[in-house]
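I have a structure here, written as structure tokens, and I will follow up with some questions on it.
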Amino acid sequence: MKIDYTEYSPNQRIAIIAASELVGYKSCFVGIGIPSDAACLAKLSVEPELNLIYESGAIGALPLSKSYSTGSPSIAHGADMITDSLSVFSDLQAGRIDVGLLSAAQIDKFGNLNSTVIGDYDEPKIRMVGSGGAHDIACLIPNLIVLMPHDPRRFVDTVDFATSPGSGRDIKKIRDQLNLPEGPSILITDKAKFIMSDEGWLLHSILDSFTFAQATEGLPWSLKPPISGPIETDPAIISALAQINY
Amino acid sequence: MKIDYTEYSPNQRIAIIAASELVGYKSCFVGIGIPSDAACLAKLSVEPELNLIYESGAIGALPLSKSYSTGSPSIAHGADMITDSLSVFSDLQAGRIDVGLLSAAQIDKFGNLNSTVIGDYDEPKIRMVGSGGAHDIACLIPNLIVLMPHDPRRFVDTVDFATSPGSGRDIKKIRDQLNLPEGPSILITDKAKFIMSDEGWLLHSILDSFTFAQATEGLPWSLKPPISGPIETDPAIISALAQINY
Amino acid sequence: MIDKTSTVQDAIKNNVNAGDNIFIGGFGHLIPFYLSHELIRQKILDLTICRSGADILFDQLIASEIVKKVIFGYVGNPTVGLSHSFSRAYKKKSIEIEEWTNQSIIMRLHAARMGVSFIPSKILQIGDKPSNISHLKQVTCPYTDHKFSAIPALKPDIALIHAQCADKYGNIQMWGIDGDTVEGALASDKIIVSVEKIISNSKIKEAPEKTVIPSHRVSNIIELPWGAYPSYVSGFYSRDDDHYIEYDTTSRDEDKLSSYLKNWVHDARNIQEYKKLIGSTKIKELEEGLCGVKNED
Amino acid sequence: MIDKTSTVQDAIKNNVNAGDNIFIGGFGHLIPFYLSHELIRQKILDLTICRSGADILFDQLIASEIVKKVIFGYVGNPTVGLSHSFSRAYKKKSIEIEEWTNQSIIMRLHAARMGVSFIPSKILQIGDKPSNISHLKQVTCPYTDHKFSAIPALKPDIALIHAQCADKYGNIQMWGIDGDTVEGALASDKIIVSVEKIISNSKIKEAPEKTVIPSHRVSNIIELPWGAYPSYVSGFYSRDDDHYIEYDTTSRDEDKLSSYLKNWVHDARNIQEYKKLIGSTKIKELEEGLCGVKNED
């Protein structure tokens, strides 16, 4: 089925691509926003087994209306289980949660994510919200998918502050020494999918309806042509989109 | 009020004396048997503020019928709160529980308690139940009262196995170094009350109706006359006795 | 048993001292707005405030200049944006911060709650560490030789939390999303709790599994219905998302924020005044809104 | 979602291997007798069994010669007396033991459940240490220089537990006394659960606070009403104290114990047979007896 992706908003496109990546997983650590939307979309379509886990302690919910906080009523409503945050982070640290989705204000070539400061830590231009659970997820989750709107200002060579550690050759070596999982392996924008390599992000594939130039426009990394053909989307994901009230 | 203590069973007498010792405490770590009976008796009479805490996680119960296990229905029934054992032991380790009551198969001069083996550890004459929570309570509770029926076979110079560590000069020195509380400070039998000193147990006082000879008969420690007059019992404790279904 | 019910004024006056380290409960759900506002009304100074994920209540306490230090994993207005008062104070250096992550704050509280001075963790060994926690130490497992960060215990002087119900003795019942509220309370030396409703002890005993803090740990109980507004209380009322959204605009502007604080904090001398500010239309809307699991009674 | 309901035979056959380390749930309450008896019926050998405080179910497993090692804090028949099969096997050296305390077993499970290889504790630094844990290591807090024992993680291969309810997907609901049941289950790699009653997922969602284990952690669910007898299930039936008392006499004598095991374990090929053995008089008595907090439905 030929899909015209330009009919969907950038955030919807990210959720569509991300949903495909969640096939085969049973439990997903999600935050509010695009991560939550992507996980809901997957559960409604290609991966009904997926249990959504929020750091607030809610497990098994499928929030279809706008939620502002990971502790919002819409997250509690419809949950199969409500436990505490310690329990969820314990599961995370014990390797009991399969996959995580993260976003951030800045991302760099090695998948380091910044949600702390723009500028210098002690004299910042913008002081942001801090890690929340992002650092913890980036350190601990066995499979990490990063979701970023294609906004060139947010893509940098080196993040101002590495709130959530990345991957690639050097960081992976330290991760190995510390018995930590390998870190971010997939980056999804609203136009393309990237995969992590020893040298940093590699362009993996581009969403149908977009060109190589569009998919890489303004990104600071030297990008080779995609290593794979266009991203195919299961039509079930597109059909499920209507159920999510963005 | 003159009380004829010989009208009461040895276990009842222990509970009566122990109840007096619980005045002023708000929370008490109790096990099943005489400890539980003594704490109930205190709560029914001289210390209504006392919250009984069982290692099974039940808090605030007042079991008036025979309970076999710390997890028995009678312990859950009437509890104000049921949490888990980790939570109770965490409170214990954090110094958040005021007082504990323990019993054991053997006790020695320095308040070491044995509930593990009679004889050698690897080749025992009798293999008993092990520590349960007894070691943990003896290490951690700020105020520890030991309850022992006056059975000379159970009073020894040195226990065969120190399941639950005692006190006295040498052990207290190690306890200080480890930031542990001082260990058992009071021993109650069915005839007398002892207090811990640097040199081990000191006879503190004797229950009315009993003589010095009776209170010390068969005990292996060289015992001086009591340092205080006879134990006085608040008549409210005696009145409350009828409510406990032994 | 002692009756621990109190007025909000007495509970704060008798238990909180200038300079205290205060854990503030509520993780999206059950945020103790009205109870914590009393710190502002009584102008108790030099406070350290701590929790994992903090929202606009922290912003209000910081804006009121009673906070000396913030220990946190996240401070913001979830989905809506930044905590502007926090950002301003940080840039002006009028507050100290100690910046962790949500998991590490929770593990710090858990260490204190378990009575140990640290617990090992796999986090905070890679990535940039804020300068204020760059002294974080490592510890080696004596069995596996693996390296862990040593997460130091955080034992607040006092916890302020909001819950659904309590009896007058201080047995606290809570359901729905907890986050780190109970862990933080149990880690603290003293605990003050505002509740939607004071119920009988026999009602407590009917559902002892709902009790999350036992009476002997609690210093005072205050009945403050709607005390968690604009956050929510499962079984009672929903979250006022609009209030949070408008607060973003308000808090960008220091003058607007001053009048917000005068209105919602300083002049709201009792919980009835606070309810009046919310307004009956909004109250009806939030009572009928989605609010997690209803009270089963 | 996957339907995880199973027969007790398949659940054990497909998930338990000879030599496994098995956590067995139940702390006075909710002891998984019938489910664990299946280990005996299938004669799965060389097992390690672990929990904090264990009662006569451990005695039965040991008597059945399928246990190689016992990791425990307590093994006995609470108030009634000793675990005679345990004592005999220990003296004959036909089992290995690893003897801890209740708190240390729970902290060992908690370390595994938190994903770290040890946690510090103040216990097990004084008093006699059993020869099998005399290698226990110390750790020094890098902040305070205080010494702690390093409690090593205990991560069982599988947990067998009993609970009140579950849906067919494996969301487990439990209330009443837990002890270390949930902690031990969550520490384990696999979890098998027998329940009094399988309920709908929508019923689960009505009270998500009662859910203690989420579906994705559970391998199989088996509906086994009365499966926790002679222990009890809050809201369903009371504890048969007499059975425990009589078991003391039975288990002192190896022949008597053999016929007990034939009767109550080997010949009880399904849960209906087990119920028949309990008998309708006793069932009525225990259903009417004190049994903690009733099911609220």
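The chains carry the letters A, B, C and D, assigned in the order they are written, with residues numbered from 1 in each.
The criterion applied here is as follows: a contact is a pair of C-beta atoms (placed from the backbone, for glycine too) under 8 Å apart; a residue touches a chain by one contact, two chains touch by 3 or more.
For clarity, every value in this text was computed on a predicted model and none was experimentally measured.
Trainee: With contacts counted as defined, which of the two, A-D or B-D, has more C-beta pairs across the interface?
Mentor: Output for the comparison: B-D.
Trainee: Take the average of all CA coordinates in chain B, do the same for chain C, and state the distance between these two points in whole angstrom.
Mentor: Those two chain centres are 39 Å apart.
Trainee: Counting in whole Å, what is the centre-to-centre distance of chain A and chain C, each centre being its mean C-alpha position?
Mentor: 29
Trainee: Two or more other chains in contact with one residue: find those residues in chain C.
Mentor: Where chain C meets two or more other chains at a single residue, that happens at 114-116, 121-122, 146, 175-176, 208-209, 293.
Trainee: Where in chain B do residues touch two or more of the other chains?
Mentor: 58, 76, 82-83, 92-93, 140, in rising order.
Trainee: Tell me, which pairs of chains are in touch?
Mentor: A-C, A-D, B-C, B-D, C-D
Trainee: Hey, which residues of chain B end up touching chain D in the complex?
Mentor: Spelled out, the residues of chain B in touch with chain D are 32-33, 55-58, 65-77, 82-86, 89, 92-93, 112, 116, 121-124, 126-136, 138-140, 161-165, 171, 174-175, 177-180.
Trainee: Residue numbers of chain C touching chain A in their complex, please.
Mentor: Going by the criterion above, the answer is residues 27-29, 52-53, 55, 72-76, 78-80, 82-83, 86-87, 90-91, 99-104, 106-107, 110, 121-128, 130-131, 146-147, 175-180, 182-183, 232, 234, 238-239, 241, 244, 289-293.
Trainee: Can you name the residues of chain A that touch chain D in the complex?
Mentor: Touch residues, chain A against chain D: 26-27, 48-49, 51, 53, 58-60, 76, 78-83, 87, 90-96, 140.
Trainee: Chain B touches which residues of chain C in the complex?
Mentor: 1-2, 112-116, 167, 171, 186, 201, 204-205, 208-209, 211-217
Trainee: What part of chain C is in contact with chain D in the complex they form?
Mentor: 114-122, 137-139, 141-144, 146, 148, 150, 152, 175-176, 206-210, 293, 296
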